[in-house]
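Read through the structure below, which is laid out as structure tokens, and then see the notes.
Think of it as A, B and C in the order they're written, each chain with its own count starting at 1.
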Amino acid sequence: MRRFILRRLLHGVAVIFIATTLSFFLVHLAPGDPFSSSLESLATDPRVLAARRAAYGLDRPLAEQYVRFLTRLVTGDLGPSILAAGPAEDALAAAIPNTLVLMGTALALGLIAGVALGAWQAMRVGSRADRAVDTASLVVASLPEFWLGLLLLLLLAGKFRLFPTGGATDYMHDLMSPGERIVDRLRHLALPALTLALLSAASIARYQRAALLDVLPQDYVRTARAKGVGERQLVWRHALRNALVPTIVLVGLSLPALLGGAVFVERVFAWPGMGRLAADAYDARDYPIVLGATLVGTALVTIGGIATDVLHAIVDPRVRSR
Amino acid sequence: MRPSIRLHAGTRLLACVLVSAAACDGRTPAAADADTVGGSLITAIQAEPRFLLPPLISLIDEQMVGDQIFEPLARMGDDGRLDRDFRPALADSWSWENDSTTIVFRLNPNARWHDGKAVRASDVRFTYDLCVDPVVGWKDREYFARIDSLTVRDSLTVAFWFRSRYPEQFFDAATRMLIVPEHVLASEPRATLQTSSFNRAPIGSGRFRLAKWTPNASIELVADTTHYRGRAKLDRVIFAVTPDANAVTARVASGELDVVAVSSPEHFRTLAARPELKAQILPAFDYTFLLFNTRARNQRSRPHPLFSDLALRRALTMALDRDLLVRGQFDSLAAVAIGPMTRAQALADSTIAGIPYDSSGAARLLDSLGWKLPAGKYVRERGAKPLAFSILVPSISRNRMGIAVRIQEALRPFGVDVSIDAIEPNAFFAKMRAGDFDVAFDGRKADLSVSGLKAYWTVASARQPNGQNFSRYENPIFDAHLDSAVGATDAATAKAHAKQAFSTIIADVPAVWVYEVRTVQMIHKRFRTAHVLPTAWWAGLADWSIPSNERIPRDRLGLKLAAR
Amino acid sequence: MRPSRFDAAALHDASVPAQVADGGTIPPARVAWRAFARDRSAVGGVIILLLLAVMAILADHIAPYNPRALLDPIRLKNVAPSLDFPFGTDQFSRDVLSRVIHGARVSLAVAFLSVIAAATVGTAYGAIAGYIGGWIDSAMMRFVDALLAIPRVLLLIAVATLWGKVDVVGLVVLLGVTGWFGVSRLVRSLVIGASEDEFVTAARALGAGHIRILTLHILPQVASPVLVAATLAIGNVVVIESGLTFLGMGVPQDTPSWGGLFRDGMDAYTAHWWVPLFTGVALVATVLAANLVADGLRQALSPRQLPAR
């Protein structure tokens, strides 16, 4: 098991390394001088500008710039940001926890709801309820994130005033009592997390249903049924344990898409996370932030992937030798 | 189905009623009434301030915050006169000497910085040095051109020495500079003030001080309770960064925002219908224009391939029906701009003939310039070069984006290919500074004095590498007329010279003057406004108050500070 | 032996690899086609897609007005849906129906072309990797794993930021270049499975060249799963492109597209709620149809039939 984890970690490191090299080349293949506007916005004195450019090694040969780039990355220096009027890494560091909270909540909700729904459907396969939910989940899974988000925003926050219209906290948040503060955060988290969770739940439900239907006709399940185990226990105790495995794999593989969806949802709900920062950075042509967000996103996805792989290996020992 | 007419009449009436109401509020003496002390005000700003160090302030959002934290020597009176009725701020008295070429200010001996140290004349001296230093790049440096020097007479007295007398002397010296603390900033290198931490943690002498800044979310100011001129009536003012106009409208409706600026007729209609809000409509001091870059992009030593040609600029102006553009976007909230001024300015003259809309004339002019439409194509060409350019627009301004789309469609039948380059405001300024644009959709607040134009349109400003004459427009005749207007000693002469200056620049078409828009504020009705200036509605926020029987729950939180 | 289902799993990300049927073969075209035709929702999806395609191709003839024309900026702005303007007009007095129709053209064309590009590149890459095997295969797949780990939307934003402006052609290229990773993994595992097939061993024994083996024996088996993945991807890409345009970095402003319509519609939506509404309906219909068709294809091509849908 330990060797498996080690191998996966090394794999993850290789992935991140390739991604960073790719982003370096991306920057240098781009036309024009992306550095110029961010540097110029922070100092107008030509001598200062020249000194800054030298400090970033912008006039050195490519290989040397690459090495500098890597060392800077390792120390967490992403470069000057025009949007943040300072180091890009500070802006990102402030935004990352918000995205993690959003994605974590959405994933948890989506997983629980999706698995439960899929199991519920599998128990009634072929019935009208099953088919209705199947159609509904197909429709929901087809909705674009920003469209669903906007709909929820307009209805639940705009028309019915059940939730706030955006942001992570109220303007008076710091002056609230601790209890009020928690409620405030939850109220702001509700709609964006719900948007992502609905989409996840819909596709997880479909997948879980199919996986369960795969497992239910199996011999060991039939034996259990013959022994008189109730349908519900069958599904939840015996079948689900095996059918959960592909779902875990699915979750791990859909992390990049979830992060992509978070970009749109964060924009719609003005959630101060990495995705919104990246979108705002595009508006400002601020590439240190955008690249930083891409690399951090890749790292997060890789870590998530390793976690799900390890989970998979724990549940299904056959995987460890792959 | 003509809602625009209703709006027009309604807003006129509203304007008369409310501007006079606002004026009334300003004239009643502020009673130090415990009943009126307290309350919170939350207002929306569009962009997050980047620099709060006064000489670096350039965005209007930065100005709103900076004007609360810092103070000038004196402030304008409520009538907005440039020559008298000033109110004491850091200086509590002043006098004239040497046949009015010297003004001596005496600082209030009780004035303190937010960190407790006393405000001294040396701070004023230090601020002056910063402001006139070209490395710092203060955008209003031009106004100090006629100040010869500043001397410190003693720890509480400064003297401004002018090269000559002129009507706006006092206004320039007393109100334009926000004083900063020398003891905090003296050690900072001037060339890198942009990266100073002072921008995020400013220390001023104003009646509000910075309590908490949540990046990209809000800036919270609280009243300085020991302020030498009396504490601000409100407990706190929160500037909420809300770039999206829809979010602003929704949050005002839900009570999260108290004061918002409205610039679209649809939003105005939605909010005007709400009973808890009142509208405050101020005369227009904001104008926008499409600035032509007369120099080549990224290569300022060479002329722009398209826009160095006056005739082409004229042709494009003639091709645009600006009245239709503006009315289509704004209903009646805005009017077509005449030039680098607004009608509310004292020296403005709306009788100056601009370039009229003439579509056939435009087409003929383009033809005569050699821009012909090849068979089967939609874009004119001259020697295989297409008549194509991009308009740089700050994406935050939905109005400018909307007008840009209308312009794109309006120029299409003329065979002109316009693309729109939407970019974030700070990046927008960076590109303009670098000269990296064809046409930039810029906007300015008209200054009360015409001398403000010197920073943007004179030969001297074009020659400055750091200057704000982004288009590099140069016309010595305009400079001469402007100088005469600025140096004139009586109003009639000033106005005559100003008219000539404006006529010159309008005929030169360095820009297409697009619209001037009224500032419309929707304010929660519980507020009693004070000292509202047409160019700065926020000027008197420290004296705004809420009667105690009209307060809402968050007004009663008191001065307790948030846990850091 | 536990037969697993070949299954292009996630509905909104076609980069999920499939497990190949081990122990079942993909049914022949005739059987698959009949199964597909019996699936009413799949057929419904095909009809919707065909209608949209016709609408897109014949846009110039069907659309009642020029989608870019400002019909009357003063009097005809923000008109509610009516007989003259079935989908109403927007704040610029442009006919929304015409814009939705023309928007279909841009959105569908971008999605279709970029998916074709991505599928081609991915198939080639995956086939080569799977066929050659060994350390080359490992290295190629490790590279693809890295690319798969980069969230696609962030990568698109990064490229758009660096390159400044992205026109429609650039967008197709961009979407294609970022979309082939999942297909390559899918094709690689299919090719590995097919390489062990008896036909292939026999052909090799008979001395057939690699190219012949690949094209005649292996790739036909790959075609159907790739078709399913591609159909899913079309729906996915339409959503991504609309989202990017909504954020401001996709199709340029003046070209009518669904994402752009959304963006324009979100300004003061209370004044013209019909703009985001009808655009949203068109968008969701497209994605739904693509998903229905993909679902139907998957069912029809699956080695085992599911109980009644």
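Rule of thumb we're sticking to: contacts are C-beta pairs under 8 Å (C-beta built on N, C-alpha and C of every residue); 3 or more make two chains touch, one makes a residue touch a chain.
Remember, predicted model here, so these are calculated numbers, not experimental data.
Trainee: Could you tell me which chain's Cα centre is nearest to the average position of every protein Cα atom shown?
Mentor: If we average C-alpha coordinates per chain, A lands closest to the whole-structure average.
Trainee: If you tally contacting C-beta pairs, which pair wins, A-C or A-B?
Mentor: Pair with more contacting C-beta pairs, A-C versus A-B: A-C.
Trainee: I'd like to verify one number: the distance from the centre of chain B to the centre of chain C, where each centre is the average of its C-alpha atoms, in whole angstrom.
Mentor: Result: the chain centres lie 48 Å from each other.
Trainee: Counting in whole Å, what is the centre-to-centre distance of chain A and chain C, each centre being its mean C-alpha position?
Mentor: Each chain's C-alpha centroid was found; their separation is 21 Å.
Trainee: Provide the C-alpha centroid distance between chain A and chain B, rounded to the nearest whole angstrom.
Mentor: Distance between chain centres: 41 Å.
Trainee: Two or more other chains touching the same residue: where does that happen in chain A?
Mentor: If we look for residues of chain A contacting two or more partner chains, we find 283, 285-286.
Trainee: Out of chain C, which residues touch more than one other chain, so two or more?
Mentor: Touching at least two other chains: 248, 266, 269.
Trainee: Two or more other chains in contact with one residue: find those residues in chain B.
Mentor: Answer for chain B, listing residues that touch two or more other chains: 395, 422.
Trainee: For a test of understanding, state which residues of chain B touch chain C in their complex under the given definition.
Mentor: For chain B paired with chain C, touching residues are 4, 245-246, 249, 264, 266-267, 269-270, 324-325, 327-329, 395, 398, 402, 405-406, 408-410, 412, 419-422.
Trainee: Applying the document's contact rule, which stretches of chain C touch chain A when the two form their complex?
Mentor: It comes out as residues 2, 4-5, 7, 9-13, 15-17, 41, 142-143, 145-155, 157-164, 235, 239-240, 242-243, 246-249, 262, 266, 269, 276, 280, 283-284, 287-288, 290-292, 295, 306-309.
Trainee: Where on chain B does chain A make contact in their complex?
Mentor: Residues of chain B touching chain A: 40, 42, 50-51, 135, 137, 191-192, 194-195, 199, 212, 215-218, 220, 238, 240, 242, 244, 247, 250-251, 254, 256, 395, 422-424, 426-427, 429-431, 433-434, 436, 465-466, 554, 557, 560, 562-563.
Trainee: Spell out the residues on chain A that touch chain B in their complex, using ranges where they run on.
Mentor: Interface residues on the chain A side: 36-38, 40-48, 82-86, 91, 94, 157-158, 161, 164-175, 270, 272, 280, 283-286.
Trainee: So in the complex, which bits of chain A are touching chain C?
Mentor: By the definition above, chain A touches chain C via 11, 14-19, 22-23, 26-27, 30-32, 34, 125-126, 131, 134-135, 138-139, 141-147, 150-151, 154, 199, 202-203, 206-207, 210, 213-214, 218, 246, 250, 253-254, 256-257, 259-261, 263-264, 267, 275, 278-279, 281-283, 285-287, 290-291, 293-294, 297-298, 301-302, 305.
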